[in-house]
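Chain lettering (A, B, C and D) follows the sequence in which the chains are written, and residue indices restart at 1 in each chain.
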Amino acid sequence: METNEIEVYVRFSETDAAGHVNNTSYFLYLEEARTKYITQKFKQVNKKEKHSLNNFILASTKCDYISQAYAGDILKVKTTISHIGNKSFTFNHVITNANTDQVVIRASATLVSFNYSEQTSQPIPAEIRGYLERNLNT
Amino acid sequence: METNEIEVYVRFSETDAAGHVNNTSYFLYLEEARTKYITQKFKQVNKKEKHSLNNFILASTKCDYISQAYAGDILKVKTTISHIGNKSFTFNHVITNANTDQVVIRASATLVSFNYSEQTSQPIPAEIRGYLERNLNT
Amino acid sequence: METNEIEVYVRFSETDAAGHVNNTSYFLYLEEARTKYITQKFKQVNKKEKHSLNNFILASTKCDYISQAYAGDILKVKTTISHIGNKSFTFNHVITNANTDQVVIRASATLVSFNYSEQTSQPIPAEIRGYLERNLNT
Amino acid sequence: METNEIEVYVRFSETDAAGHVNNTSYFLYLEEARTKYITQKFKQVNKKEKHSLNNFILASTKCDYISQAYAGDILKVKTTISHIGNKSFTFNHVITNANTDQVVIRASATLVSFNYSEQTSQPIPAEIRGYLERNLNT
């Protein structure tokens, strides 16, 4: 499995009375994917600055529902960098059924580099930017 | 309160360790707003066809995070019709803090008219379309 | 409505593929009931000590599932004090269907008075204890 | 890892503003553990009767909160059979931190054998009972 992919198990509690995964549950999977991506990858490139998830805040998220998923399914969440701005960058996410490879949802999430002590957005730190640029669309 | 507005109480369980409402929780509020909108309004105009939430499926959703909300807050979710297509229409949602009127998130959700017995999308039923057109952007 | 009762609307996201409210969702309602009870009532009796929910931590919770509830239902959560110890007390919760009065679940939750600065349990503050004793089983 | 153990990753969305895992989130992990236990083990012993999770309904659940868990933690959920009745049986669950082995919660869940076509409880099917008895407290 690629390092930018995670697998999630669909819990029964994440389904709804329509019999399938509730539309809100996919955002749980996407947050897990983003968190793991940032925790694992940004840590490698930015040890001095101790940049973590807490240095980026979610500005926007979007999800297109393509097909359905069900309790007990194993889903694969693939996460790539799709856009890099000055103070923000965008993740592209595709969730597929791990058994059938059918696309379940397509999503994106834009994160803003944030300075908590000053409570303001800030340019993406140089080391993180370097990582993002080297990994754009891969 | 306008009939296209609902109020929600922010549960402690809907916050996260960053101290504010988790990004995924807003979608719970948006689904509640859509469900109530459709249940209450579509029922009035379409009694014969018994059109309900089950006749529309969520195709896409989007959320811009503007400011933060906290446990115990009362939020107001305002829902309007922002676009009408042949087989789909779009809700616009704005969530504000009921005490301060500060905008918390702006969101949209596109729903597709769906024929469950044939498992295919279908034109929006005439009576629902009439309702949507009379209420566009209001 | 009694002041120790709250009403909750069952969200579609809180149901599961069995068609009814998921077993885990009832705990969301119970936490909301406890939080509101403590926020509203303890605040009245203990203004000096600024005692809030944060001064009590959940030690144990229990739920008996009696009947089912469904999306769109309005549920009533009634909360009473059922036991008072030295450092802890117990809430009794009954959730009923607001339309039919049918009992949906019976639950309890034991909370421990906690001193965060010393990270240890402590006797229930006198004013809170007085309130609890005056309201036992009512 | 024992076959009656699962590991779960603590999502950021499962924490709350107190900084730790919300009390309601543990029930998500317990349901996942029960579901996997039943799906994997009962299927092996009861192929003819096609007994699944749907043939058992949750009657009661209980959780004692021992220590805290945090976003990103890996938790181990161990599930054993602790009691067998005529129409019901009880799971015992212990959740530990996978890195430190510290106990986080202790819980139990009682499930009742249910006949959906007749909407009534029923004796546990013989093959399932045999399995339960062979695995009591192991």
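By definition in this document, a residue touches a chain if its C-beta (ideal position, glycine included) is under 8 Å from a C-beta of that chain, and two chains touch if they have at least 3 such contacts.
Just so it is clear, the structure is predicted and the values come from calculations on it, not from any experiment.
Look at the CA centroids: the one farthest from the centroid of chain B belongs to D. Centre-to-centre separation of chain A and chain B, using mean CA positions: 24 Å. For the pair chain A and chain D, the distance between mean C-alpha positions equals 29 Å.
Chain geometry summary: the mean Cα position of chain B and that of chain D are 35 Å apart.
Among all residues of chain C, those that touch two or more other chains are 12-13, 18, 22-24, 27-28, 31, 71.
Taken as a graph of touching chains, this assembly is complete, with every chain in contact with every other. On chain C, the positions that touch chain A within their shared complex are 12-13, 15-20, 22-25, 70-71. Those residues of chain B lying in contact with chain A across their complex are 18, 22-24, 27-28, 31, 54, 57-65.
Across the complex, chain C is touched by residues 9, 11-13, 27-28, 31-32, 35, 39, 53, 71-72 of chain B.
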